[in-house]
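One chain, chain A, appears in both complexes that follow, with chain B as partner in the first and chain C in the second.
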Partner chain A sequence: MYFDYVLRRFLVMLLVIFLAVTINFALPRMMPGDPIESQLSQLLAQGGGSVGDVGAMVAAYREKFGLDQPVLHQYFNYWGALFRLDLGFSLASYPERVGAAILAGLPWTLGLLGFATLVSFTVGTLLGGLIAWPKASRLWRGPGAVVLLLSSVPYFLIGMVLLYFFAVVWRIFPAGGGLPYGTSPSFDWATVKGILWHGTLPAASIILAETGAWAVGMRGMLVSTLGEDHIALAEAKGLKDKRIFRRYGMRSAMLPQLTKLALTLGHIVSGAILVEVIFSYPGIGFRLYQAIQAKDYFVVQGIVVFLSISLALATFILDLIYPLIDPRISARRRG
Partner chain B sequence: MLLDVRNLSVEYVTPKGPAYAVNDVSFSLKKGGRLGLVGESGSGKSTTVLALMRLLRGGRIEADGIDLDGRELTGLSDPAYRKLRFADMAMVPQGAMSSLNPVLRISEQMGDIFDDHGVRHGRSERRAILGDLLERVGLSANVQDRYPHELSGGMKQRVCIAMAIALGPDLILADEPTSALDVMVQKQVLATLGRVQRELGAGILLIGHDMALMAHFVDDLGVMYAGRLVETGPVRRLFAKPRHPYTKMLIDSLPSFERRGTFKGIPGVGPSLLTQLEGCPFHPRCPMATDICRSKRPDPRPVDAEEPRHLAACHLAEELS
Partner chain C sequence: MRMNAFLGWGLGILVLLILTAIIGPMVADPKMAEVGAVIPRQKPSTEFLLGTDGQGRDMIAVLIYALPQTLKIGLLAGLISLGVGTVLGLVSGFVGGWVDAVIRTISDVMMTIPGIAIMVLVAANVRVMTVEIMAVIVAALSWMIATRTIRAQTLSVRERGYVQIARLNGQSGLKLVFVEVLPNLLTFIAASFVMTVSQAMLATIGLEALGLGPQDDLTLGMTIYWAQFYAAIVRGMWWWWMPPVFIISLIFVGLMLTSIGLDSTVNKRLAR
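== the complex of A and B ==
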C-alpha cells in the first residue's frame, strides 16, 4: 500500500521533471531567430570579447547542441547532456561551465536560506503557539506583536533598512558579498568568521520578515486545534496544562507548519533572490540576477532547470516523509 | 451520598448579555447509583456536566454546594480540581468520533492519564495495564498500538470508556455517550458502559435525549427544561405517574408498539435563555397553563405521597392524570 503510494508520487515527480525540462527546451527554440546568434551579437554590441573568441564560441555551441540538426534529435541530445549533468557553457564568462556556476552559488544559498528558514520556523512556531494559548504568560504578547507587524513588511525592505543603518550609517556589518573582498574560502577560523560576518544582515532580514508568517500560521492552527473535542477531553482527563499545550495542541497544529516548512525548504534553492541581490550575496539568486542582467542565456536556462528539478525532488521527498508525520495521510491519500 | 448538587446555576457570557443556561439545579446520586438527565437539545444538560467538571468555556458557575464523596468542591483551587478529574470524577465525552487526538496512538492517550496523575509504571507493566483496560471494554489489548482513524466509532467510544475507568473513579459523567453512533452499536456500547460501571462500583450520571434508552439504564431520572430540573424521581414512578406536563408529553411522544414509527414531538420551541421568563418557564407551551403559571415560578416539591423523592416543579402537578 505504501509502495503503491510511493510509486504514484514518484511517477508524478518524473512527469513534473519531464514537463519542466521539455518546456525549458522548447521555449528558446520557439523564439524567432537563432538564440546563439542573437545573444552573441548583443554581446558584441556591448563590446565584450574579441571577434576570434566569438567565432570559437559559436562553433562550440553549434557543435555541442547540434542546432542544425532536426529538433527531435536536439531534444534527445538535450536530455543526454542533462543526464551527464552538463548544462553547457556560460556566455558571459566563457569557458566557465553553467554547472560550475550553479555549484559555486549553491552552498551560499543553502547556508543562508537554510539557517534563516530554520530559525524563523522555530521561533515563529513557538511564538505563534504561545500567543494562541490562553494560559501562556502575557509577556509573549510583546515580541509576538512586533514579529506579526514585521511580517507585513516585505523582506527586501527590511533588508534595505538594515543595510542602511548597520552597514552604511553605523558600519557594524559589511554591505555585501559572502566573504571579505579578495579572500577565498578555506577551512580556517578566518573564513568562518568572514562568512558569519557577511551573513548576519541577509539572514537577519529574512528572519525578521519570515518569523511573523510562521507565527501567524501557528497561531491560527493552534486556535482552531484548541477548539477541538480532543482538547476538551484532554482537559477532562486532568492532564497538566503543559502536556495539553505541547502534545495535544502544538503537535496537532504542527502538521500544517511542517508541511509548509518542507515546502519552503524545497524552495530555498531558489532563495530569497532580492535579499541576495541587495547584499550582493554570492548565492544562486544573485547569480541568476547577474545572468539575466548579462543576458547570459545558458546560465539562466541552467538555473531554471536546476530549480525545477530540485523542487520536484523536494516535493517527492516531502510526500515520502509526510505519512510518517501524520498517520492519517497515508490512509487518506491511499483511499 | 456520592454526589450532592445544591442550586447549581450557570450563566454564559454572550455578546447579547448573560444566557441563563442552568438555573438552580439540585440533585443527588448515591454510591454506585445511576442517574439520568433528559431534556431537549439546549436544555442545559451538557452545561451541567461541564460545570461539575469545571470545564466550562466562558461560563460562570454559582452553587450553594457541590459535594463529592463528602468533599466540598465549590471552593477547590484549580490545581486541586485538575487532580480530581478522572481520578475521582471521570467523563465519557459526547463526540466519540472526534474526542481522540488524531496524531497520537491510543497507548499515548491512555497512558498520559496515569502520567499526569502521578501513577508510574514500567514499560511492560504499562502495556499490560492498558491492555487489561481495553479488554474490559471489549476491545483487544493491541488496540493500544493503533491510531484513532484505524478504529470504528464504537471502538473509539469504548476506548473513551476504558480511559474513564483507568483511575477507578467514584463517579462517571457520560454526556450522550452513544449519540454519535449507529443504533445497533449504541445499545452495545451502553451495555458495556453499564457493565464496567457496576464492576467498578462507581456512580454514573448519564445524559441523553432518548427517554426509552434511558428508562432501561438508570435508577433515577431528571427531566430538564430551559436550564431547570422540572421533575426528578425513580424512573419507574416517573414513567408510571409523570407529575410535570413536560415529562408527560415526552413520554407520550415515545413511539410505542401500537403507534410504531409515529413520533409526535412537542409543539412549540424552548424559551430564550437570555431573559428569565416570569412564572413557569414551560407555560407558553403548556396546554394546562393557568394564571398562576404565568405569574409565579413553581419550585420543585414532593408530589407523590408514596415516593418522597419524586419531585416536580409544577403548580398543577396533582391535577395531572
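== the complex of A and C ==
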C-alpha cells in the first residue's frame, strides 16, 4: 500500500521536474527571433552600451550554449549542465554565476518563509481551534473574522500598507533591505539585531495574510472532530474540558492541518516572493524582480528552475511523511 | 441563515464593483487617464478628488478605467479555466479508466508546479503583453481546481439511482451527461468558478506587480506596479497606491465571501 503510494508520488515529482525543465528549455526557443541576440541587444539598449559588442557576445554565447547544434543535442546539454548545477552566467552582472546569485538569496528567503509559516501555522491553528470550541470565549471570533478577511488579500498588498504606516508615517522600522545600509553580515549581536529589525515588517505581512487560512482549516476540522465518538466518551468519563480540547480535539484535528502544508507550499512561496519585492528584501524573490527589470534572462530562468525543482522535492518529502503520521492518507489519496 | 449572509455580502460587493466598471467609463473622461493629462504628483483636492500620479494622470480616471480591465482578466481567465476544467472533469469522471488516470496525473503535476514560476517564464518571453494574453496565460495554470471538483462530483452523481435508470433505459452517453449529470453539478460549477476567478486574479496581480503585466494597458495591478516602481510609498504619495490596493482587496473579499456562501449552500444540499 505505502509502496504504491510512494511510487505514484515519486513519478509525479519526476514529471513535475521534467516538465518544468522542458518548458524552461523550450519557451525561449519557440519565440520568434534569436533569444540571446534579442536579450543582449535589449540589455545594451537599456544600459546604453555600444552596439559593436553584441556580435562578439552573441558568438561567445552561441558557442557556450551550442545553439548551432541540433535542438535535441542542445536539450541534452541543458540537462547535463543542470546536473552539474551549472545555471550559466548573469547577463546584467557578468561574471556573476546564476547559481551564486540564488545561493546568496536563499538563506534570506528560507529564514523569512520558515519563520513566518511557523508563526502563522501555530497562531492560526490555535485560533481556529478556539473559534470552533464551544466552551471557549466568544471574544475569539473578533480576531478570527479579521484574519479571515486578511487571508483573502494578496500578501504583498498587506505589506504595502504595513510599509507605509510603520516605516514612512511612523518611522519605527526600516523601509527596506535585509541589514542596515553599508553593513555586512557577521556572527555578532549587531547582525542578529539588524536581521530581526529588517525582517519584522516582511514577516508580519506574511503572517497576517497566512494565519487566516490555517484558522479556517482548523475550525472546519475541529468542528467535525468534536462530533466524533471519542469526544463523547471523554466527556462521559468526566475529563476536564481543557484536557478534552487539547488531547482529544486539537490533537486529532491537527493532522489534516499538517497535510495542507504540501498543498499550500506553492501559494506561500509565490506570495513571499512579492513581499520581498515590496521590502527590497535580499532574498530570491527580490533577485527575480531585479532580473526581470534588467531583462537578465538567465537569472530569471535559473530562479524559476530552482523554485520548481525545490518545491517538487519539498512536496514529495512532505507526501512521504504524511502517511507515517496519519495512516488514513495513503488510502484517501489513492481514491 | 448566517451563511446566506456571506453570499449576500459577497455578491453585493461584486455586483457593486461590476456596476462601477460598467457605468464609470461612460461618465469619466478617458483623456484624464492618459500620461501627462494633468500636473503630476498633486495631493487630493476638490479638483482631483484622489490626486494625480507621478506621470500626470487623474487618479479617479485611472481607477475607473483600470477596474474593468482588471475584472476582464479575472472573468476571462475564470471562464476559460472553468470551461476546460468542466469538460476534463466530466470526461475524467464519466469515462474513467486510463483517460481518467491521464487527466488526473496531469492535474496532479500541474498542481505541484509552482504556477507563478511558469507564468514568470511565459510572461518574460511574450513580446507584447495584452489583457487577453494575460488571461490565457493565467487560465492555463488554474484549470485544475475545477477539474478536480467536477470529477469528484461526477463520480458521485454517476452512481445515483436516476442516472442508473436513464442508463438502463438506453440513453446515449452524451445525453446522459448533458441531461442527467450536468444540471446536478451547477452549484459545484458555480463554486469552482468563483474559486478559479479568485485564483486567476491573484496570479494576474502578482505577475503585474513583478512588472510582467500589460505595460501599455491600464489595470489595477499595473497601477500598483508603477506606484511601486516610482517609490510612491516611501515618497508618501498614499493617494497613488492606496486606492488601487483598497479596490483589489475589495474584489478579493467579495470573492471570498461569495465562495464561503456558495460552499455552505452546496454542503447543505449534500446533507439533505
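By definition in this document, the second predicted complex is superposed on the first by the 276 of 335 C-alpha atoms of A that agree within 3 Å, B and C clash if a C-alpha of one lies under 4 Å from a C-alpha of the other, contacts with A are read in each partner's own complex, and residues count from 1 in each chain.
The working rule: a residue touches a chain if its C-beta (ideal position, glycine included) is under 8 Å from a C-beta of that chain, and two chains touch if they have at least 3 such contacts.
All values reported here derive from a predicted model rather than from experimental measurement.
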item	value
Touching partner for A:324 - first (chain B), second (chain C), both, neither	neither
First, second, both or neither for A:72, with chain B first and chain C second	neither
Which of chain B and chain C A:139 touches, first, second, both or neither	neither
Residue contacts with chain A in the superposition, chain B compared against chain C	C
Which superposed partner A:289 touches (first chain B, second chain C, both, neither)	second
Partner chain(s) touched by A:237 [first = chain B, second = chain C, both, neither]	first
First (chain B), second (chain C), both or neither touched by A:228	first
Which of chain B and chain C A:161 touches, first, second, both or neither	second
Complex contact set, residues of chain C against chain A	105, 108-109, 111-118, 120-122, 124-125, 127, 198, 202, 205-206, 209-212, 224, 228, 233-234, 236, 238, 241-242, 245, 248-249, 252-253, 255-256
Chain A contact footprint on chain B (complex, rising order)	53, 55, 82-87, 90-91, 93, 95, 98-104, 108, 112-113, 115-117, 147, 149-150, 160, 163
Sites on chain A touched by chain C in the complex	11-13, 15-16, 19-20, 23-24, 27-28, 31, 148-149, 151-154, 156-157, 160-161, 163-164, 167-168, 175, 263, 266, 269-271, 273-274, 277-278, 288-289, 292-293, 297, 300-301, 303-304, 307-308, 311-312, 315
In the complex with chain B, residue positions of chain A that touch it	228-230, 232-240, 243, 247-248, 251-252, 255, 326-328, 331
